[in-house]
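Chain lettering (A, B, C, D and E) follows the sequence in which the chains are written, and residue indices restart at 1 in each chain.
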Amino acid sequence: MTEAVPLAPPRRLPVWWMILPAVVLLGGFLILPYASIVVMSFREASTSAVYGDGFTIGHYTEVITDPFVWGIVWRTVRTAAIVTLVTLLLGYPVAYHLARTRSRWASLLYICVISPLLVGLVVRTFAWLIILSNSGMANSALKAAGLIDRPILFLNTPLGVTIALIHVFLPFVILPLLGNLQAINPEVAMAGRSLGASRMRTFFKVTLPLSMPGIQAGAILVFVLSMSAYVTPAMLGGTKGRTMAVLVVQYLVDNFRWPAGAALAIFMAVLTVSIIVLYLRLTARAMRRLP
Amino acid sequence: MTGARKTLWDHVFTLLVALIYIFLIAPILLVVLLSFSGGEFLALPMEGVSLRWFEALFSNSRFYEAAVHSFSLALVSALVNGVIGTLAAIYVIRFAPAHLTNPLRVLMSAPLMVPEILTAIALLFFFFEVGVGNRWSMAIQIGHILVTFPYVFLNVASALFNFDRSQEEAARSLGANGWLTFRRVTLPAIKPGVITGCLFAFVISFDIFNISLLLKSVGKNTLPLELFDYLRYNFDPTAAAVATVSIALTFVAVLIVDATVGLRSLRF
Amino acid sequence: MTTLRLDRINKFYGTLHILKDIDLDIAQGEFISLLGPSGCGKTTTLRCIAGFEAVSGGSIAFGGRDMTRAMPEQRDLGMVFQSYALFPHMTVAENLSFGLEVRKIAPADRERRIAQTLEMVRLTGYEKRFPRELSGGQQQRVALARALVIEPAVLLLDEPLANLDASLRDDMRFFIRDLQQRVGITTIYVTHDQGEALVMSDRIVVMNRGVVEQCGSPREIYERPQSLMVADFIGQSNTLTGRVTGREGELYVIATEDGPLRTHGAPGLAGEVRVMVRPENIGTAPGDNTLRGRVVKTTYLGASCLLNIETAAGSRFTTHAPADSPLAPGSEVTMGFAAHKAWAFAA
Amino acid sequence: QQPFVIPTYGGTWAKLWEETLVPEFTSATGIQSQIDVGLGKDFVSKIRAGGGAAPYSVFMGNENIAATLRAEGFFEPLDMSKIPNAANLYDGLINTGNNGLRAIVSPIGLAWRTDMIQTPPKAWTDLWENPEYAGQIGLYQIGNTGAQLFLRLAGRLFGSGDTDIDTAFTKIKELQPFTQASWSGEVAAQLMRGDVAIAPVDWTEILTLQDKGAPVEIIVPEEGVLSYEQSFNIVKTGPDKEAAHAYINFLLDPKIQSILADTFYVSPANREAVISEATSPRLPVQGEAMSKIIRFEWDNYIDVAAEVADRWNREIG
Amino acid sequence: MTTLRLDRINKFYGTLHILKDIDLDIAQGEFISLLGPSGCGKTTTLRCIAGFEAVSGGSIAFGGRDMTRAMPEQRDLGMVFQSYALFPHMTVAENLSFGLEVRKIAPADRERRIAQTLEMVRLTGYEKRFPRELSGGQQQRVALARALVIEPAVLLLDEPLANLDASLRDDMRFFIRDLQQRVGITTIYVTHDQGEALVMSDRIVVMNRGVVEQCGSPREIYERPQSLMVADFIGQSNTLTGRVTGREGELYVIATEDGPLRTHGAPGLAGEVRVMVRPENIGTAPGDNTLRGRVVKTTYLGASCLLNIETAAGSRFTTHAPADSPLAPGSEVTMGFAAHKAWAFAA
């Protein structure tokens, strides 16, 4: 008696085609090219050709057993972690403020937030050079304020790199967080207050856990970006602030060591992915609680 | 938000936020300031005020061409990723089988996690292997799309996470099909994420260095490369003037968006 | 003619069996109320009908066509969600306009219908407000208006009036019923207000823990419940356990701790039964059945006064007295009720 | 027909090529051409990635960089008959076997801030000997040709020769702490900011600074000068070797050499080139003095270059 | 003793004047119901009391201390939000635990109180569920439990039972009232269910368009409304316009289109007045006042039957008859009501 309607089951219609363009992009222009790079990373080095004919895992063992590399890895990870932490700490209040403000100037504040992105990377980095040099604005101001008598060495140290990265990556935590905070029903925080929790407590127990997706997005972005940042550490970090990305470029571009550089770069990528996966594992519990 | 009087903590918070805003804007103001320098060097203290660096800028057609090239790369990257990144995020968050969700998320963020220089070399190799090399103007564009893809993906994914699905059900119950529901209900709701993602894609594309360096087609240059090359040989405020002009243009664009759509539409 | 048929619908959330073999046949233009305790599966049933939940078993047919796996938008329905689910980025008028636009109604017509519907839900003047700028009740009325303005074939209403005051509820009820009958909309109405269900429905479905307990006309449900659950759930009831000892014509004779009672009841009863009498059917004069008891408590209800009465055998009864009744706790009372006002069903 | 691709550097270099040299080249030879801006290293990557079909027919870059590609077999010897201007080059600018020649020479001297340094330097060794300079010295990073030149110079000054890398490292470590720069413009900026008071830099950079009124001075050290020498080579897999030869010949033209000297304060490579009156007194490394340029052999050095760079990174930073 | 005093509270949203000079004095342990049409400002009033909205004028005092600008958490309150506002990332038990942890209740004690409260709201066994895994009514009960478990000094309940079925509502009402009286919690209860308000409240506040229309005991509000709005809003009423023509002892004599009526009423009435009679006070036998009319419509209500009656002069009356009353539309009826059951107030 019933004639079946030939239809896909509910919420099953828009399926894999949605991810098809992305898969083509990533598969065709990332995975595929990387495949030959991975192969290259196992090639023997040569000075009479781009790489030798034989295969070796030597580049990897060299990279992985090299304390010098590990020193730079550690500096890179530490810098990235500090930058991530500080951008979260500084970005959260701004996102929170921007999410709640009813000020007429909100648009202007928004521009303020994205302003680091409005100036190109190169010019921005030069601005930091001017601010952070030994006789630069920062040191002059600190000296004028009587806080220091000898200039703080910002440049050619991880410190300067960290400051400049924090600056440019702040928008990357503020904006995702802003969207997240705006999506939280304000009455939920009110409920916390009504139960007698102080603003602090309500924040830490209610608002903060509910903004985990925003924190996630921001933290991952900033961490990964800091890990792979090149221009800023190259220009501000000198040799003492050198990071993995800078080392990779040295291998590949300055010293023409493609197989070894590829191995180093792949090692760095694997490291980054591992840290992210670890981080996702660690925060999975908190995320599972969210709707 | 509450009827409470301002406490010390309120003032501390306001001060803190104000300081962060200053931190964000100060280097940019410095650049703008320096572009009006009368001196020869991109340095402080400034020796007088002049517009000469703007003259120098406008007499240099390379900057103009590079800026146009960068702009078109960035725009295309933002638009293309706005579509495919959003679709991918919707698939991964909404439809992907549970066991594939995390692997897909990692894959979709992969361009971020591999060093850009290696990606650049890999692509360079690849494009030569397939025989198009540096003569194909799409090579650099593809590189830009690839590298900026995760920004859209991640932002849209996080917006989807916060989205209350019952609104979609309401739309379906009113007879809207999947597409219409998406366009009229889901998209407006995740719009802040999409806009943020596209914005990131745009500015990142504008800043991409290594990919552009190796993949640019013969005879073309992007603005960061041009600026870097310029500053390498002329450490003068012309570069600051370039930045000031681009800030001014963006500012005007933002003001127009604010006046027409309203930046507030980024929230709801 | 059947417009909507649920055939042995089952639904699981994980391992929780939420809906168990739900069968339901609804005729074109019929108004069905879904009643049942909180958490019994009413919303889930509506969501299955709407197509938001894939059923774990069974089938759903609209107008004879199997629609078990059809998309929600292919089912031509209007739904009021328990949580409203208004579009936060659209004004009130835009919320209403959405469904009309989908249906490609001409702009002029659209505006007329929106204005009309907003007037019906008493929200004229609120067209340009956003949902967040409305009170709870106002939001609920927008949700209602949004579902009604499209005049769908099937209307699913999930407690659509829960946040409205009595006089608005009256108006809205009238409005819904009027539209429903005028347009001939098949309606499933979830409500926790039994009065509402009794007044509005062609039939009432009582659900309990995922199964349909009873399905029938309001009078059947109210006066001839088939189980204690239904008797207790719909309206106030006094029940006594007893056992059938004989018949007197149409009536059963039932032995209880408070003495023998004459009642009518479901056909074919025997053995252990329950006898139910509604408070409003108990008078203070002796009747077919007469009991004596003592007032335990009185409660002022405005229109009347609620008496809690205990018999010598310890059975508790509730009944109504006029608001200014002189009966105080402790007073002795006589309770009488007609045999055809008492109803027996299997225990 | 694709236009002939001329690789060159950015900024003022690109400007000169675009505005002057390319039109001149086209009018002189009738060859349509187009510049492609980058650094020598970038051209290397593209030629390497190009495999059998390089995007360039001519390579331009520092000689030590060119040596790498040459060793990998990407270049072929010049056909000198197509480059008549090469006959007038100063000695030592043509590679053995005519495998490349150097057409642009930017000598590297010792430069200092006149307002920060009391006693001007006279020799490279002053860097080690004058305590006034301690802590104010700037050197190139190992990624820059300048650092490799300086390292080998140290080997030659203090050790058994320019391949005495061990001694070189020992001596360079004696100069610590010093600031490193990845390219000349950066040294210039460091000098201007006062982060550095004395450093090896090329004339190009220092005279440009002087033009802008900066208090800097540069000398030819007693031991001689180092130099950035831009090596020009024919790419074996390039599409248009005829044009490549014509282009190299064009660059060696006395007139073009004079233009380069006026613009970048480079020392003309062609004996016939005339330096303008304004520029000439400021360019001590010309004519006879061209023999004061200290040169090193690169073809073997490239075998250890990566190791040396690595060692620099580890031991010096 | 006054625990909570609102003194000329005003509230604007933009240019909209939402609350206008709200005055309210609430004694320690008193149970006040806030009634009024949808959108009249009930939720806004609660939010001002809780401190979530800055008042635009006036002051709020708790226990004699000015708290107009105090933080919400300093006010020792429990609140049930109309939208529940459960913590979505916490389980049911954690939602309840939150307020107890803030109050530094020892873990063992905490668990006991959570278990107890969950049992009261019939949610034992749901401790580990997240709000999204609950039905609407279950969520509402969690919201209620969360506010009650902390036994605050002041309880603000915004339609806390709107999504519950009648029998759960009864239970919850009892639970709330019991706890409230046992602990002595000052309670403000927003409801659209007048029956609820009449049964539970010490006093009822009727609001309308941002002002307090009347404040008094349930009996006062129900039997002696001071305005047509209150009469119409609370319960069902029949009103007639008339004019005072004289007095008979305590009673007014009022001329109406349906003839002279004898009523009691607010003191000092003269000129135009309105007379109100509740449906349940109209009998079918002649009384102090007797009117005749014709049945226009009958509605089955389960417990009774609603009659709509029209008099010769065209006035419309509503009254109740037994469910099995033989009166059909068209029948002539006599309506009688006692003078002390009719109430007059200024028109």
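Here is the rule we go by: a contact is a pair of C-beta atoms (placed from the backbone, for glycine too) under 8 Å apart; a residue touches a chain by one contact, two chains touch by 3 or more.
Given the structure is predicted, the values throughout are model-derived calculations rather than measurements.
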Labels of chains that are neighbours to chain B and to chain E: A, C
Most contacted chain pair (by C-beta pair count): A-B
Rotation, 0 to 180 degrees and nearest 5, that superposes chain C on copy chain E via CA atoms: 180
Between chain D and chain A, distance of the C-alpha-averaged centres to the nearest whole Å: 37
Centre distance in Å when chain C and chain E are each reduced to the mean of their C-alpha atoms: 23
Centroid spacing, where centroids are CA-atom means, of chain C and chain D in whole angstrom: 91
Residues of chain D engaged with two or more neighbouring chains: 42, 45, 189, 193
Set of chain C residues in contact with two or more other chains: 51-52, 71-72, 83
Multi-partner residues of chain A (each touching 2 or more other chains): 11, 13, 130, 136, 193, 199, 252-253, 258, 290
Footprint of chain B on chain A - complex, ascending: 11-16, 18-19, 21-22, 25-26, 29-30, 32-34, 36-37, 90-91, 93-94, 97, 99-100, 106-107, 109-124, 126-128, 130-131, 136-137, 167, 170-172, 175-176, 178-180, 182-184, 186, 193, 199, 213-214, 216-217, 220-221, 224-225, 227-228, 230-231, 244-245, 248-249, 252-253, 258, 261-262, 265-266, 268-269, 272-273, 276-277, 280, 290
Of chain E, residues touching chain A in the complex: 50-52, 71-73, 76-79, 81, 83, 85-90, 98-99, 102-103, 130, 132, 146-147, 150, 152, 156
In the complex with chain A, residue positions of chain B that touch it: 1-2, 9, 13, 16-17, 20-21, 23-28, 30-31, 34, 42-44, 83-85, 87-88, 90-92, 94-96, 102, 104, 106-119, 121-123, 125-126, 129, 142-143, 145-146, 149, 151, 153-155, 157-159, 161-163, 178, 192-193, 196, 199-200, 203, 206-207, 209-210, 223-224, 227-228, 231, 239-240, 242-243, 246-247, 250-251, 254, 258, 263-264, 266-268
List of chain E residues in touch with chain C within their complex: 13, 35-39, 42-44, 82-83, 133-138, 141, 158-159, 162-169, 192-195, 198-199, 218-219, 222, 232-235, 278-280, 299-304, 322-323
Complex contact set, residues of chain D against chain A: 41-42, 44-45, 48, 68, 71-73, 141-143, 179-180, 182, 189, 193-195, 302-303, 305-306, 309-310, 313-314, 316-317
